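Two complexes come next, and they have one chain in common, chain A, joined by chain B in the first and chain C in the second.
Here is the complex of A and B:
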């Protein structure tokens, strides 16, 4: 590796070292605040190191990685989301008894895995990234061991993720068998030579879709989602919903664009079915839930369905729409789980509808934040979610995916119902007066209230003035080589 | 810039009102009142400073263009013409009343209440002003959420159900409109190369007939639900009756009008061909709405529900008039929008007064208040009479103009629509009878209107009388805007239309002559000029060919007014032109 390679991989290296340093520091001195400070600083440092890469042309570290605008944007997004989640985690874990320091190692490692995914151009680096992400997640999900449901969630995720990894590996093997290479560009070149997809290659793709679909929690690979979201600590749920899915989605876009899977009707058909099924299953099942974390879990399934609509558009606008929506979805989901985390107490997370009854009158500020997040999920104007949904619809209409677009509209309406249900519960009049403000230590106050305020500002800012983000995304995508080719 | 300030003032006022609750409980009310008064003053000032006579050929008084999301061709584009101006004045006027009636009625969470109130009004103001379709959808949605809260938090017993229903109906239909907006955007973009949401640029997009039809239905979905037209009206009675008084006033007075405004502003000019095709069906829906709403209104026992159904009935006239495509009818529609906003708003306010005193909306438990509360009785009488269309009050002018216009378009449907006026008399008088005249079921004390309530009621009476006795300023203000909306339907320059308008004898053989092209709808037409609207173009073309078919002097005068009014008959074989019509057509056949 040359010096240049190191420079380009700087964000990932910083994260790696941060994990090591924290491990050593814990061995010497257990202190939540210090560990947290190291984590935050390393995320910020990794993010700042992207500054050097902002004008990067596609820089390949053959055969494993490529750093281009797309990768830089996604890494930045992942790092920022991780940073915010770590801030929420700090406030969340500070109130709990468990040993909290190791949590940050795992958080950093899984962010590292997600970052690796979005720069991968080879099956080996893909699998490496995916496993780094998953293995850290197994532990994160079951981190609060004394909780009733955390073991269940952890084991469920472990078994299913291991299964899906096996599917993915077998799929890769079949693709390798048919094409003789494991680099994305090599596969693309090999596929260009085929008249139509050989059966084995198709099977390989199918198996890979199972593996990827599991991570994205799209129907029919979504069974684990509600249980894991419910059992995991709220910040971890936020992490699974955002960073883990965002990383995998970035990988999917890169791979699919590179091999130009949009040419093959059968693959398009599979994704169309998956998208429609995810939208419907997610929304309809969410209607029946009484548990806020489960509602958010099902809603995240349906949002992945929305994202696939723009993904299926398969052109530059589609990728831009996916990316934009992903940003909006990250902000919203982190914010929503942040509120859940903020309301949680020592014994359990605030996940029942009763915890939210009359929240507006008890804790007006928290309730306002949550309302904003829910409205954004529902795609109401003045929020980022609206612009994102608009972008996706535009991408769909542009490529005339009428079926998908109409399904999206239909689902938005179904989705409204349960988002409003939560809002209505929060707005119910109760006898309880306004709760006295909790006396929080300034650091916690900053971590939780500050993070949520920042998220709301971002949400409204992007919703009102999306121009900046739109131009940022399109300029970053200029160097995304598969898009530039099309 | 003044247009932007109007909206900003409301939005900022809303935020300030919410925050100011902490300092003093009455402060939100005063802030809201002040913001609305300022806005009203601005609107009236614009109105007074631009007399109708000075309006040139362009109907636009003020325009504002600020780039917003240039990558997508979205601009913060606003414009004000007579139609918008009238709607704005109505908005601010009713807004002030809404603040005043909530002064005593709303006692909990006043800060948040006024926040929502002002933001609904800001959304409505935006809808009436914006000339960018993206922005239009944006404001269209912005007004929903606060309205949802107004119903859901301060409503009556069944408020949650009503709020949900309102929200989901309007949101679903709005999303269909969004799809249409996007479709139009991309069709325009692919044809001209400029991707823009700007209304003025999109106006002349050539559309294939099928595309035009589909896109129009998307827009119609939003507007017909909001209006509401009968099969989509079921959200309205629930929302109206469960909302607090201020909410009902805004719903009936303003939110419904955004639907009518959308029809006028967007559906008519954007899709002339498709609108002409759909017109008979739309008018039929209007007539069904008029009669159905009236019958249901008559059978209600809940006063607010009753008034809500009268809205359904009155809004039937709006759609009837819009799809008549002539200036008479559109003037009637605008008058109806304003007069209905005032009269129905006033009826809801009276229902609110009654509810405050009796804590019920059930008219079976009311009666005999004429003696106890004469002031309230008189005021109620005025608005009940307005609602049934008594000459001298605004609604009469509105319904008369609408019917005159729609008669030129479709005789039979107009006949049925007119029966709606009779039905209106029945249900309106029932309100008076049940609430004020019959013997009192209880002997509770019933205080008459106090000063604050009179302060609310008297301006409304003055306004509705003014509209009924001297509607000319309103008509003058709306006229250039309406002619602009009808541009696609009237191939000749304005002056000649004016002449034509003045010479129409409404009820004569001439009227029949005027509808002659209706029979020339297809190739079978006696005159053999059925190219109309089969072109798939903008209808214009067909009409210009019609013109060519005649030597200049033999072209029947006045046909231009209504020449496309009944190209499709709603029933197979039904509603055909009568033999007399055909005779007339033979008569006017051009001499060789």
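Here is the complex of A and C:
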């Protein structure tokens, strides 16, 4: 490795060192606040180190990684989301009795895995990144061991994730068999040489889609989502919904743009079916739910369906739309789960509809934040979610994906119903008067209230003035190698 | 060489099917060992002797022994030992043994009739080549493996940790105060 390699991998190196340092500090002195401070500082430091890389020109660390504008943007997104989630976690775990310190090691390691995914250009680094991400997640999901559902959720995720990894590996083996290489560019070159895709290669892609589809929790690989979201601690649910899915989606975009999978009608057909099924299944199943965490889980399934619509557009605008929507989705999902985490008490998470009855009258500010997040998820104007959905529609219309666009509009209407249902429950008048403000320590107050207000500001800011983010995304994507090729 | 590959692959598939269809854990494990050994023969026929040796040492050796330890620790009552005695009948181990014998015969066949003209076509991947790949272009991958292990170990530590046992009431008071 040269000095330049170190410089370009700086964010990942900082995260690695942070995990090691935290482990040593825990061995010497267990203190929640100190560990949390180290975590937050290292996320900020890793994010700041991206400043050096802002004008990077597709720097390849052969054969495993490439750092380009796309990678820098996605790493930045992942790091910011992880920082916000760690801040929410601090307030959430401070009131729990279990040992809390290891949580931060695992959080850092799984964000490291997600960062590895978005810079991979090789099957080996893809698989390693995915495994670092999921192995850390197994424990994060089952972290609160005294709760009844956490073991169940952890085991479910463990078995299904291991199973999907097996599919992914088998798919990679078949792709390697038919192309003779494991680098993305090599596969692209081999595929360009084929008149028609060989059956084994297609089978390989099919198996890989199963593995990737599981991580993205798109229909029909979504069965684990509601159970795991329900059983995991609220900040961890936010992490699975955002960072884990964002990293895998970044990888999927890079791979598909590189091999230009959009030329092959078979692959397009598979993704079209998956997208439509995800939108419908997610929205329809959410209608019946009474559990807020499960509703958010189903809503994340349908949002992945929306994202696939823009992904299928397959041009630069499509990638921009995916990226923009992903930012909006990150903000709203972290915010929504942040509210759930804030309302949770020692024994259980606030997940039932009853916990939210009359919330507006009991805790007006929290209810306002939650309402803003839900409206953005539903795609109401003046929020980031609206602009994101608009962008996706534009990308879809631009490439004449009429079927998908119609389905998206239809599903937005269905989705509106259950978001509004939660809001209506919060607005119900109850006898209980306004709860007295909780006496919180300033550090916790800063971590939870500060994070949520920041998220609301971002949400409305992007909703009202999206131009800044749009121009940032398109300037970062200029050095995205496959897009630049066209 | 071609034939040996296909026989070993067939044994691998057969024994793996047996692994997942056995009701008895120990029986399944015996077939699992066979499955690892046949995969190792597959590696050998494909020109990767180092991988073949690793497969035997790590999987058939270390990992299966670990699983057996876990199973032993799970049920160590007298009835289980009695039952285990009943298990150890010829009908139990004849199946795995015969499949292993096929593999052994294959290996002997390969070693005795190894044709240099045929092996020239393949590049034998020996320990040196594996090392050069791992510490050359794939160095970062090896380091990522280390991080993967760290995530696993920290997670296992947290999930496997038992609650502190309080032995004396004085200690209990102190630990409550702390």
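Basically, the second predicted complex is superposed on the first by the 486 of 486 C-alpha atoms of A that agree within 3 Å, B and C clash if a C-alpha of one lies under 4 Å from a C-alpha of the other, contacts with A are read in each partner's own complex, and residues count from 1 in each chain.
One rule holds in what follows: a residue touches a chain if its C-beta (ideal position, glycine included) is under 8 Å from a C-beta of that chain, and two chains touch if they have at least 3 such contacts.
In this text, all values refer to a predicted model and were calculated from it rather than measured experimentally.
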{"item": "Partner chain in contact with A:124 - chain B first, chain C second, else both or neither", "value": "second"}
{"item": "Partner chain(s) touched by A:110 [first = chain B, second = chain C, both, neither]", "value": "second"}
{"item": "Which superposed partner A:412 touches (first chain B, second chain C, both, neither)", "value": "first"}
{"item": "Which of chain B and chain C A:249 touches, first, second, both or neither", "value": "neither"}
{"item": "Which superposed partner A:420 touches (first chain B, second chain C, both, neither)", "value": "first"}
{"item": "Partner chain in contact with A:232 - chain B first, chain C second, else both or neither", "value": "neither"}
{"item": "First, second, both or neither for A:471, with chain B first and chain C second", "value": "first"}
{"item": "Touching partner for A:279 - first (chain B), second (chain C), both, neither", "value": "neither"}
{"item": "Residues on chain A lying within both footprints (that of chain B and that of chain C)", "value": "none"}
{"item": "Interfacial residue positions of chain A with respect to chain C in the complex", "value": "1, 9, 16, 19, 23, 61-65, 99, 102, 105-106, 109-110, 112-113, 116, 124-125, 128-129, 131-132, 135-136, 138-139, 142-143, 145, 154"}
{"item": "Chain C residues touching chain A - in the complex, by the definition given at the top", "value": "137-141, 144-145, 147-148, 150-152, 154-159, 161"}
{"item": "In the complex, chain A residues that touch chain B", "value": "360-361, 375, 380-382, 386, 390, 393-394, 397-398, 405-406, 409, 412-413, 416-417, 420, 424, 427, 429, 465-467, 470-471, 474"}
{"item": "Contacting residues of chain B [partner chain A, same complex]", "value": "68-72, 108-109, 112, 134, 137-139, 141-142, 144-145, 148-149, 152-153, 160, 163-164, 167-168, 171-172, 175-176, 178-179, 182-183, 185-186"}
